[in-house]
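So that you can tell them apart, the chains are marked A, B and C in the order they are listed, and the count of residues begins at 1 in each.
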Amino acid sequence: MFAASSSRSPLTWAVHASVIFLVVIWTLPTFGLFISSIRDKDQLAISGWWTSLTTTEQNRVIRAPGPDAQVEQNGRFVISGDVLEGGPGTVTAFGFSSREPTKYQPGDIAILRSGAELTVEEDGAFSISSAEPIEGRRGQRVFFSAETPPRFTLENYRNVLTSEGVLQSFVNSMTVAVPATIIPILIAAFAAYALAWMKFPGRALLIATVVGLLVVPLQMSLIPLLKMYNGVGAFFGVPAKTYLGIWLAHTGFGLPLAIYLLRNYIAGLPKELMESARVDGASDFDIFVKIVLPLSFPALASFAIFQFLWTWNDLLVAMVFLGNGDDQLVLTGRLRELLGSRGGNWEILTASAFVTMIVPLIVFFSLQRFLVRGLLAGSVKGG
Amino acid sequence: MVEQIVAAILTMVLGVAGCAFYFIGSNWLLDRIFPFKQGDSAVAARNQLITAAIRPWLFLGPAMIALFIYLVYPVFDSLRLSLFDRTGGEFVGLSNYIWMINDGEFRQSMFNNMLWLIFVPSLSTFFGLIIAALTDRVWWGNIAKSMIFMPMAISFIGASVIWKFIYDFRGEGDAQIGLLNAVVIFLGGSPEAWITLDFWNNFYLMVILIWIQTGFAMVILSAALRGIPEETIEAAVIDGANGVQIFFKIMIPQIWGTIAVVWTTITILVLKVFDIVLAMTNGQWNSQVLANLMFDWMFRGGGDFGRGAAIAVVIMVLVIPIMVWNIRRANAEMEGR
Amino acid sequence: MKQSLLRGIAAMALLGGTMTATAAVSADLVFPVGEDSKFNWASYEEFANKYDLSGQSLTVFGPFTGDESALIENVAAYFAAATGATVAYAGSDSFEQQIVIDTQAGSAANIAAFPQPGLAADLASKGLLTALPDGMDQWVVDNYAAGQSWVDLGTYANQNGQDEFYGFFYKVDLKSLVWYSPDNFEDAGYEIPESLEELKALTDQIVADGETPWCIGLGSGAATGWPATDWVEEMMLRTQPPSLYDSWVSNETPFTDERIVAAIEEFGAFALNEDYVDGGVVSVGSTDFRDSPKGLFTSPPKCYMHRQASFIPAFFPEGTELGVDVDFFYFPAYESKDLGKPVLGAGVLYAITNPSPAANAFMDFLTTPIAHELWMAQGGFLTPYKEANVEAYASDALRGQGEILLNATTFRFDASDLMPGKIGAGSFWTGMVDYVGGKPATEVAAEIQATWDALK
């Protein structure tokens, strides 16, 4: 393969270029999200993430302190302060009316309607001075335009983890996903072995049923299961929405794929192994535990990754079978809530979205090999 | 929070131990009741037959129960409920289905779902195939593949946030923070609120799923492409075929079966797609799809289990041809073993 | 009292395992008990002496999220302190869907706060709500201004078709308000309009000055479209007599009636005019209603007016001071039509979704003046409860809204909240989104009516 690429035909270059192009297209959305999540929230709100390395020009408005704050200096009444409020940046223009917010250059003197003089310096210092005592109830509004240097921060993450309940949801998601991954594996492995190597009537029918159930839409199950859970909950006087309930639900929904995948793999193990063990007097149980399980590790791992990603990323099952309180809301549900309640706060959305993605991405990149193997086993002939 | 983690770990251990206990215990019990390793050989032989008949069901038991409760029974119960009224109390015959046919929103959803069914599987497979073919030709192909495969790991809702950010719209004159509008402006166009554009918004939503699923198609098709016997390609090269011809005339026909598998897998996914529409538009601006419509009827405004179930049945009916095809394929495969 | 507080803390410590997980209401009381005389602390002490619910817990589920959820949690903290019960509040942006899931599942919170009486009525008809104890309805009649109308809004048929009283309002929102920045009006020399004719003239003048008069945003996640239904209702009350409004709500007058279509088009006169709205017509449907008012505060302002209910200050930029940075005026009526001063409002109805002694006690708590005053003092809360001290209102602005409520010649509840859920929280919203998207009002009305017909 290396040889093919070292021949420098234009076609090879075209292939390289198109692959780069495609990779950029595919990664840009996620990359943009990540960059945005570490930007300053004020900058994020008014400029695209691709401009994040350049200075941002912002039009802002502050209200100067009211007349209470005036001091007498050299016979004039003065109110002073800093429009940038100590933040970094350079003032490029200012004004006092919403109609002409950038009429004056820094250092200019603007005459207010009251006759007082307003001036704003480049560094943000402003002063209002008047020969007469300044009156009125409200402080004067000062409009200005400032260039602020790019700023990256982890504040957004701290914010979502502490005050938006994302951390709690992270724990909830873990609580859902880990058991919901382990339970079906155990159950499915035994069933897969039975379907692969044990002889009993109706085996073919059962396999066909499992294959058929692979495609049953989840939607079919929701209403009957919800009704059943209610019934069970009411009968035993327990809440209908529990972690146990969702673990079992995920187990049920994950089983067809688990059985199908593992059966394909286990059926592909060498027949001689089983037979020699059987000759040695080992029971099916021994064979399964001592020979099949260790050998099936790759298939078990690939299913585990699938199931973990699926349960972690699931929204529908969690919305129906888990509650909405802080103690049960999973990350995907939290993100959906935030999309509603924090619709325009992109700093919160981007950071939360990235938090929800972190675990699956780590799993994905570290265990990709198994994932690919599982996909191939599930979709292409053989194991 | 700590208690919750401890509780979760405890239940996990208990659950795993419970499962293990069941399998070990039931097998031990079976061997005890019908011993076949010692004693009278006639009895042992009989016992061995009995255990051989029972043991598969011990292995299969939990799985079968779970499959029955969570998938088989609900299918029939949904069918039944679709013939009942909103609370499931009163039999109403086919009136939910009659309502459905006359409902504008349902027809709109059907139409949109058809668009999804046509475009998402075909474009995902198409891009997957192209990318698989291209990445196999560069030395850093595996890195490229892994980047394109990455969206598979992201939840639909996370992907929706990512793309909502790309489609973000600010009025003309304001600086755009959505990438798409920024590009459009850079090219001299005017910004649009993409997800509100009737009809076309379907495609903007589909892009998200295509973005996610292309990686899946690519991985599988790439493996299939590599599985093509060298000889067939060499023969074509000797016959003077060029790269494009080889790809379309020699390689594609050989992986036709795999393409079909990828296509159907994505088709099933499309029928179930719910999170993306819920998060992006919730079916507004005529972008409703069946799965979200069903959710809507289940829970919004008091809920109507009858109509919800009827919509679920429609989704199920759409899946049946694929189900039949899958079962046949699996049977053929097993016989071929 | 102090003892029960201690008991409450002890109970919470004991239950820590389960409670840390939920948004446990802390024992921090925002206003120290007994200190400020504007609060009716006597009613608090009386309530505290009446109940001892140590070791019991209460869950409340409502539509308040984000900053708003802290307000109700603060009030609930007093209930917790007074009774020793632990209280957990959960809020959801998709309350309308979630409460149905929860009640169906039998796992609902003890108390639900319904922003839509229609939804509560729906659940009551399925037997999923628990009727309030006898006498509660009489209490509302006696103590709420225009009491009977509030009782009517909380009385629904149960699953056997019998009328029962299920809930009452705690937290009322006033809708007929237009928000503006006094400074911006001053800079431009605009006057507050006294009639709808003047409002339209002002709108045109702002356009003539090269500015944009309105910020309108209909986005609201799963509930996108609802702000437009308010607009249409305001227009109904300003173009038609209240009796038509009532028959529209009950669908005796269908949506397709030309007078209702005309009201939709009155809204369109504002929202569908490219020059009138910030960002142009396309942005109306996609802008989030919480982001929309921020245009009032930008430099230069993106718009000069924003019509929205009294709760909206919760979404103004941080540090915005009511009465200084922003103010409101009554969304005026036509001078030429003799319809008086109609006011549109809404409210949050509390009902029991999962009965328990603590749930009943909480409903009882909501009948104390102190429960109302505590939220009045935090802001974003109006109440028709006559015993609550108006001095407790957090600001002059809220008191001003109270005056608008009193000056109203007609008061009507938000129609979309009274219509069946599938209409008022479904096709009416969707229809308005379609209308803003360019569909003619007649078609939109026909579609909403068709959905309504399918429900019958």
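Criterion: contacts are C-beta pairs under 8 Å (C-beta built on N, C-alpha and C of every residue); 3 or more make two chains touch, one makes a residue touch a chain.
Here the structure is a predicted model, which means the values were calculated and not measured.
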Legend entry - Label of the chain whose CA centroid is most distant from the centroid of chain A: C
Legend entry - Pair of chains with maximal C-beta contact number: A-B
Inset, instruction - Work out per-chain C-alpha centres and flag the one nearest the whole-protein C-alpha centre. - result: A
Legend entry - Chain centre separation in whole Å, for chain C relative to chain B (CA means): 40
Inset, instruction - Just give me the whole-number Å value for how far the CA centre of chain A lies from that of chain C. - result: 31
Legend entry - Centre distance in Å when chain A and chain B are each reduced to the mean of their C-alpha atoms: 20
Inset, instruction - Pull out every residue in chain A that's touching 2 or more other chains. - result: 168, 227, 327, 336, 339
Inset, instruction - Quick one: which residues in chain B touch 2 or more of the other chains? - result: 1, 4, 174, 278, 295, 298
Inset, instruction - Scan chain C for residues touching two or more other chains and write them down. - result: 18, 21, 98, 101, 104, 221-222
Legend entry - Interfacial residue positions of chain A with respect to chain C in the complex: 59-61, 63, 97-99, 101, 137-138, 141, 143-144, 165, 168, 226-227, 229-230, 233-234, 239-241, 319-320, 323-327, 336-337, 339-344
Legend entry - Residues of chain A touching chain B in the complex: 1-2, 4-5, 11-12, 15-16, 18-19, 22-23, 26-30, 32-33, 36, 44-50, 167-168, 171-172, 174-175, 178-179, 182-183, 186-188, 190-191, 193-195, 198-200, 203-204, 206-225, 227-228, 243-244, 247-249, 251-253, 255-256, 259, 267, 281, 283-285, 288, 309, 312-316, 327, 331-332, 335-336, 339, 346, 349-350, 352-353, 356-357, 360-361, 363-365, 368, 371-372, 375-376, 379-381
Inset, instruction - Please name which positions on chain B make contact with chain C in the complex. - result: 1-4, 7, 87, 99, 102-105, 169-172, 174, 192-193, 195-196, 198, 278, 281-286, 295-296, 298-304
Legend entry - For the chain C and chain A complex, residues of the former touching the latter: 18, 21-23, 59, 61, 65-66, 88, 90, 92-94, 98, 101-102, 104-107, 109, 181, 183-184, 187-188, 219-223, 288, 290-291, 294, 297-301, 324-325
Legend entry - chain C to chain B touching residues, read off their complex: 16-18, 20-21, 96-98, 100-101, 104, 118-119, 122-123, 126, 221-222, 224-225, 278-280, 282-283, 285-286, 302, 420-427, 429-430, 433-434, 437-438, 447, 450-451, 454
